[in-house]
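Take a look at this one; I'll ask things after.
So that you can tell them apart, the chains are marked A, B, C, D, E and F in the order they are listed, and the count of residues begins at 1 in each.
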Amino acid sequence: MPGRVEEFNDFRSRMNERILRADNRAVKRFFGVDTLTYEPGALDAKTKEMLGLVASMVLRCDDCVAYHVEQCKKAGVTDEEMFDIFSVALVVGGSIVIPHLRRAVAFLDEWNALQQPAP
Amino acid sequence: MPGRVEEFNDFRSRMNERILRADNRAVKRFFGVDTLTYEPGALDAKTKEMLGLVASMVLRCDDCVAYHVEQCKKAGVTDEEMFDIFSVALVVGGSIVIPHLRRAVAFLDEWNALQQPAP
Amino acid sequence: MPGRVEEFNDFRSRMNERILRADNRAVKRFFGVDTLTYEPGALDAKTKEMLGLVASMVLRCDDCVAYHVEQCKKAGVTDEEMFDIFSVALVVGGSIVIPHLRRAVAFLDEWNALQQPAP
Amino acid sequence: MPGRVEEFNDFRSRMNERILRADNRAVKRFFGVDTLTYEPGALDAKTKEMLGLVASMVLRCDDCVAYHVEQCKKAGVTDEEMFDIFSVALVVGGSIVIPHLRRAVAFLDEWNALQQPAP
Amino acid sequence: MPGRVEEFNDFRSRMNERILRADNRAVKRFFGVDTLTYEPGALDAKTKEMLGLVASMVLRCDDCVAYHVEQCKKAGVTDEEMFDIFSVALVVGGSIVIPHLRRAVAFLDEWNALQQPAP
Amino acid sequence: MPGRVEEFNDFRSRMNERILRADNRAVKRFFGVDTLTYEPGALDAKTKEMLGLVASMVLRCDDCVAYHVEQCKKAGVTDEEMFDIFSVALVVGGSIVIPHLRRAVAFLDEWNALQQPAP
């Protein structure tokens, strides 16, 4: 899946704009609550992103997983911590999580590679 | 739901013993992996229990929720942090999570009440 | 399940109040969006309640089903229309919906009986 | 859960009759297809019941699980084979299946006890 | 996703034929019930298609969503009504519905574009 | 989907290796239990693979379905038996299983074609 990080972020931004432009009140307010939920509160942003990631994995939503993997990395989650999150998702959600785990790890590897300085 | 904490823990222990006694290799090893998953690793036990709780809520498993609420409290999760976990579950999983949230909060209140010293 | 309508509504109201009192911003705003969603818009309230009912049935949430059955009846959905909703839920969601259908119909029958004038 | 086998079968029969009496064509025909599916075909009835059981477990439908446990026992599935089915459900569906496994085993034990001749 | 409407409909027709040719009685009768369910009854065809759409969205089945978006448009559902359906799906099903919402809106836009007369 | 069998197996093997190399204890032991589960026990390997297939279909995991279709064929499941498994999945899981059924049959046809000797 070469270029998945970029392609995913592009489609995501473009469609989010299109959806908000439709100006449905409930949809717009839902998007607002979604953003608010991950702001620091009693729990810090890093912990909340980890919660969002594990929830996305057990519900087996590849795009949500990709989004939260990226947010987790930006919030400082190490790859070792990432695999601890993956292990909880796997055990709670079962072997049907495995294909999503494969794609999550492929996305993580691509994201990590993009952070390397060009030679 | 008076007495739910005790009744739940009693049925849970009794049936777990019954299941392990059946001596099915894959079932027994699955129970082993389940226990192992929540042991401290790159992430500490408190964080892992919070991950287990949010995963259980979005998958809408009342008994799993009750179990992880109890484990979270034992690991030192405050009630304010608990509601932050609930908020992620609610937004990721949607309004169908609400009935499980009601039962989670009722269970939490009962658990908290049981920690009070007798007068 | 005698008295299920009343018992359900009582627990529901009591816990909703308890949850909102906890004053978690994201949780409170989610409850707000939830209410807003069923207000008349491009679609009328009756149609929206029918949508809420079929969504609750395929996601197999008994409490959500009970709530939307009551809202549908209040919005004027006939019993024949109710079974058309049930048929879509059954075919889309499969035979695992059947136990929830049984409880939905039992709830509907109890609700209908409560509307009869005392002799 | 004493008396769960009998209580479950009674509510099930009574509501199925009530639902079919409502005379919704799609609902009635769905019930017909449901029955047809478990009749012997390329696979025998025992195998089909085992498939129905594992599908019900990973979808976490307690009533469906109870129904298929009973059908499996009537079709000659041994308790050892039953735990092999349970192990597949557990590994595919994850630890959220465990509470349903506990109730399935409790139901199985009650069903087995009912088959013993009175002393 | 250029050409998704056509590609989707082509694969759908071809495989449906292939599946029915296999001549499995239960599978064939299930397809029959599926068709019957959306025929006008106590509820008209437009309402039933809207029910099918919201059910498909909360169960997060992209192909089912695409199919029902097309059926809804053919039955006269306006884009404003479509977003009301989307809002119910989003609130009931949570933020994991969002990626499916993005693809539903992209499909809707492509479908609408195909209805424009060539210049 | 030309070449899906090969592409799927290649990505699957490559990512499984990558995941195991990460050396997370719980993840590795979960993979071990997963393998163990399908070894012959009270039920033979063919029956267990059929159970894995129907569980994967109702949970709507395309990659899991493809994997178990291949394992079932290797274990001697005939195409007629395969459609009996599909019928149980369809009736238990509902019409949202249909898109996964289409892809399962397309995968099965491709797999069968690959077994033909070159002319």
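The rule is simple: a contact is a pair of C-beta atoms (placed from the backbone, for glycine too) under 8 Å apart; a residue touches a chain by one contact, two chains touch by 3 or more.
Since this is a predicted model, take the numbers as computed values, not measurements.
In this assembly, A is the chain whose CA centroid lies farthest from the centroid of chain D.
Comparing contact pairs by residue number, the interface of A-B is reproduced by D-F among D-F, C-D or B-D, since over half of the pairs coincide. Separation between the centroids of chain A and chain F, computed from CA atoms only, is 27 Å. A straight line joining the Cα centres of chain A and chain D is 37 Å long. Rounded to whole angstrom units, the spacing between the C-alpha centres of chain A and chain C is 32. Counting only residues that touch two or more partner chains, chain A has 24, 26, 30, 33-34, 37, 41, 55-56, 58-59, 64, 80, 83-84, 87, 90-93, 95-96. Taken in their complex, chain D has these residues touching chain F: 33-34, 37-38, 41-43, 47-48, 50-52, 54-59, 64, 78, 80-81, 83-85, 87-89, 91-93. Chain contact summary for the complex, chain B toward chain F: residues 24-26, 29-30, 32-33, 36-37, 41. Taken in their complex, chain B has these residues touching chain C: 60, 79-80, 83-84, 86-87, 90-91, 95-96, 98-99, 101-102, 105-106, 109. Per the touch definition, chain D reaches chain C in the complex via residues 11-12, 15-16, 18-19, 22, 24-27, 30, 34, 56, 59, 61-64. If you check the complex, the residues on chain F that touch chain C are 58, 90-97.
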